[in-house]
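Following this message is one structure expressed as structure tokens.
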Amino acid sequence: MIRLSPKLSQKFSYLILFLATTLAITPVIVIIFIIVKNGMSVINWEFLASMPKNGMRDGGVLPAIVGTFVIVTCTIILTLPTGLCAAIYLNEYARDNIFARVIKLGILNLAGVPSVVYGLFGFGIFVMFLKLGVSIIAGALTLSIMELPVIITTSRNALNSVPYSFREASWALGVSRWQTIRHIVLPNALPGIMTGAVLSIARISGETAPILFTAAAFYVPHLPHSIFDQVMTLPYHLYIISTQIPNMPNNIIFGTALILLVMVLAISFVAIFVRIYFRKHRKW
Amino acid sequence: MVDKIKVENLSCYYNKKCVLESLSINVIQNEILSIIGPSNSGKTTFLRTLNRMNDLDSIHSRKGEVYLDNNSIFDMDMEDLRRRIGMLFAMPTPLPMSIYENIVYAPKRLGLISKKPEQDALVVRALKDASLWNEVKDRLKSSAMEMSGGQQQRLCIARILAINPEVILFDEPCSGLDPISTAKIEESMIELKRKYTMVLVTNNVKQASRVSDRTAFFLMGKIIEIDTTDKMFVSPKERQTEDYITGRFG
Amino acid sequence: MRKIVDTIIEKIIFLCGISSVIFVILIFSFLFIESFVFFKDFSIIKFITGRYWYPDSKLALFGIFSLLVGSFLVTLGACLIAVPISIMTALYISEVASKNVRDILKSLVELMVAIPSVVIGFIGMIVLVPCVKKLFNIPTGLTAFSGSVMLAFMAMPTIVTISEDAIRSVPWQYKEGALALGATKWQTMRWIVLKTARPGIIAATMLGIGRVIGETMTVIMITGNSSRIPHSIFEPVRTMTAVIATEIGETVNGSMHYKALFSIGLVLFLITFLINFVADLFLEKNKNK
């Protein structure tokens, strides 16, 4: 074997590292490119604002868009306050004892559970045991438990980034712990909490497995009336039309995928924008 | 001469390690008591025990008693105690809001004031008492984070004055400041003596001699000597005190 | 009044704090109870080692061995692809690229996380599956290999991000020490940086595995869903997640089949719990360096 000089071997290695990096970022670009290229042609107002027709092979995706919106809203209403309170407890009140460690282990564990197992659990407890049936509320409950660890972790990091000296200054003035949290810690942690919440929204919007058997419906001829209705959602709709329906026109599938993609990416960009904006305007 | 604070056999521990050993000391009404000593002598721990800032620390434990006007501070409501005993930290700790809001923050939270004219009057009074009014009267709405270090520290004093405490604790308040700002703060302290009782922890022996009525010398968690400042600096009784004051160690 | 409000709010915050533990216990006990009932009627040994998953036949068989093999094969393939590429990418981003390039590369890598798994599955179906079929000249492109490729893309952001953190947390004194002895930058990376960051990189890999093993939609769409035990990576397979997702809707509540699916859920739960727990130990080790 030929031994390369250290200089040459460094150049060679950098080239390989560079190629690997290219390989790692190509898929994203390719996926986005393919979907935009093939999906653009069907996107128009009609497609966005009408019901599916002719066994999904024609018409629009309105109920799926509305359904995604409704279920995501319900989920975030359920999960954000709970997760935020849990983060406050862990960061502001919990002392470093066995009990706090058990809670941290619990969060770690929740974060690792596969989404389909959440679906299974949600089906067992909300749909069957609590008899909520396949419904928006059952799906939202399932999703909110799934998203809880993410919300807790991001909120906690946001709270933790507020300097400890702010708290001490407030306590030293005789202000109680809760008042300090409410008026000093929370306002300053808000951008971080918001960023986390918005990223969670993006993630929930794209989830399929947890709502597969807790909320999603193959086809509903009307928009949802109440939280006990079944619902069509974009990711589930994409799954259905790309696997279950024979002779499905490809451009409609691509169009649906494009709308889902744009929605999720747009939400993520909002989060990134919020983060950059507040980082620039932060006073401390 | 009334004892405002009386400390009896106070011992403090961090992780079972003793940092203050059965300390007994009193603070007289309307005096400035300085506490000097090298680092790690327990000065700050002592100060933070007086308004129970240490209580939130899970590895901290203590024995002994502290009385404020003959009532044990450990039986008092914690928030109430801190309202009566204010504290100024080593580094300026303005809250990330405007100068005006910094001052009305605590009185509002404590329910001391509510109406706008009351707030305005309070801000003026507190800033004047902390001799900061002339410098900031035109920019009360600007952020406190943009002030200079010395101004921030005086704002923190004004903030404490706004809740009308009885005692003010100073934890090396000038350690991060330039000589001019230091002089201004010392001026305010002497000014404030008429209304408040003060305890000053400082690394700066000269500062203690400039402002305080009495001085206590701490070493390794114990009081070596306590006396009027004049006596202490002219003829200390203990050898260690003399060595420290004259700069042989510390 | 103020005091009472404070106390009530603090109680609520405390309850939310323990909610995560309550949910973990709830999920675990729910899966455990259903599985326990199931294992009373169907031996746990036959469940794990049984080669046949015939839940509907008259004499129902619930052997998940083929599913375990399916999950294992897809995960292994994905790791073989994702781990080397990700570590190299992490090295490039943290040690070679300039600051501006680094930020762009990082955001591109993280963008992948945002893409929903159905979209990735769909692209796999349309683009990758026909390619695989033609390239390897096999009867179907719906294979474990196709799944591995797409899942590798999904695991990469996790592995890159966490490895990069680990690499960047290597103290600069270590690097300077090596550079001062005349080592090239690459030699320093190869022998000092990678070695010091190892616990973090291992944790990153494990978290990547955790993500792959639990992935459902992509796997359903492109691995073929055949519960025969595969002989190679170029045959269709079926994973545990796919079985749960495709069959739960068709079962009768309380039937053996229903309970069997919960038992698979329990197996998945335990596997991912173990993976995350170990990964966390490595991360702690990395932190305490």
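Brief remarks follow.
Residue numbering begins at 1 within each chain, and the chains themselves are lettered A, B and C in the order written.
Keep this in mind: a contact is a pair of C-beta atoms (placed from the backbone, for glycine too) under 8 Å apart; a residue touches a chain by one contact, two chains touch by 3 or more.
Remember, it's a predicted structure, so these values are computed and weren't measured experimentally.
Ranked by how close its C-alpha mean sits to the mean of all protein C-alpha atoms, the top chain is A. Sorting all chain pairs by how many C-beta pairs they have in contact places A-C at the top. Chain A and chain C have CA centres that are 17 Å apart.
Centroids of chain A and chain B (each the mean of its C-alpha atoms) stand 48 Å apart. With centres defined as mean CA coordinates, chain C is found 55 Å away from chain B. Residues of chain C in contact with two or more other chains: 2.
Annotation for chain B: no residues touch two or more other chains. Shared interface positions of chain A, defined as residues touching 2 or more other chains, are 176, 179. Residues 2-3, 5-6, 9-10, 12-21, 23-24, 26-27, 30-31, 34, 84-86, 88-89, 91-93, 96-97, 105, 107-109, 111-112, 114-123, 125-127, 153, 156, 160, 183-187, 190, 210, 213-217, 220-221, 241, 244-245, 248-249, 253, 261-262, 265, 268-269, 272-273, 275-277, 280 of chain C are the ones touching chain A in the complex.
Interface residues of chain A, counted against chain B in their complex, comprise 95-97, 165-166, 168-176, 179, 183-184, 188, 283-284.
Note for the complex: chain A touches chain C at residues 6-7, 9-10, 13-14, 16-18, 20-21, 23-25, 27-29, 31-32, 34-35, 81-86, 88-90, 93-94, 102-103, 105-121, 123-125, 128, 145, 148-149, 152, 176-179, 202-203, 205-209, 212-213, 235-236, 238-239, 242-243, 250, 253, 257, 260-261, 264-265, 268, 272. Across the interface of their complex, chain A is touched by residues 51, 53, 56, 58, 79-84, 86-87, 89, 91, 93-96, 105-106, 109-110, 143, 145, 156, 159-160, 163 of chain B.
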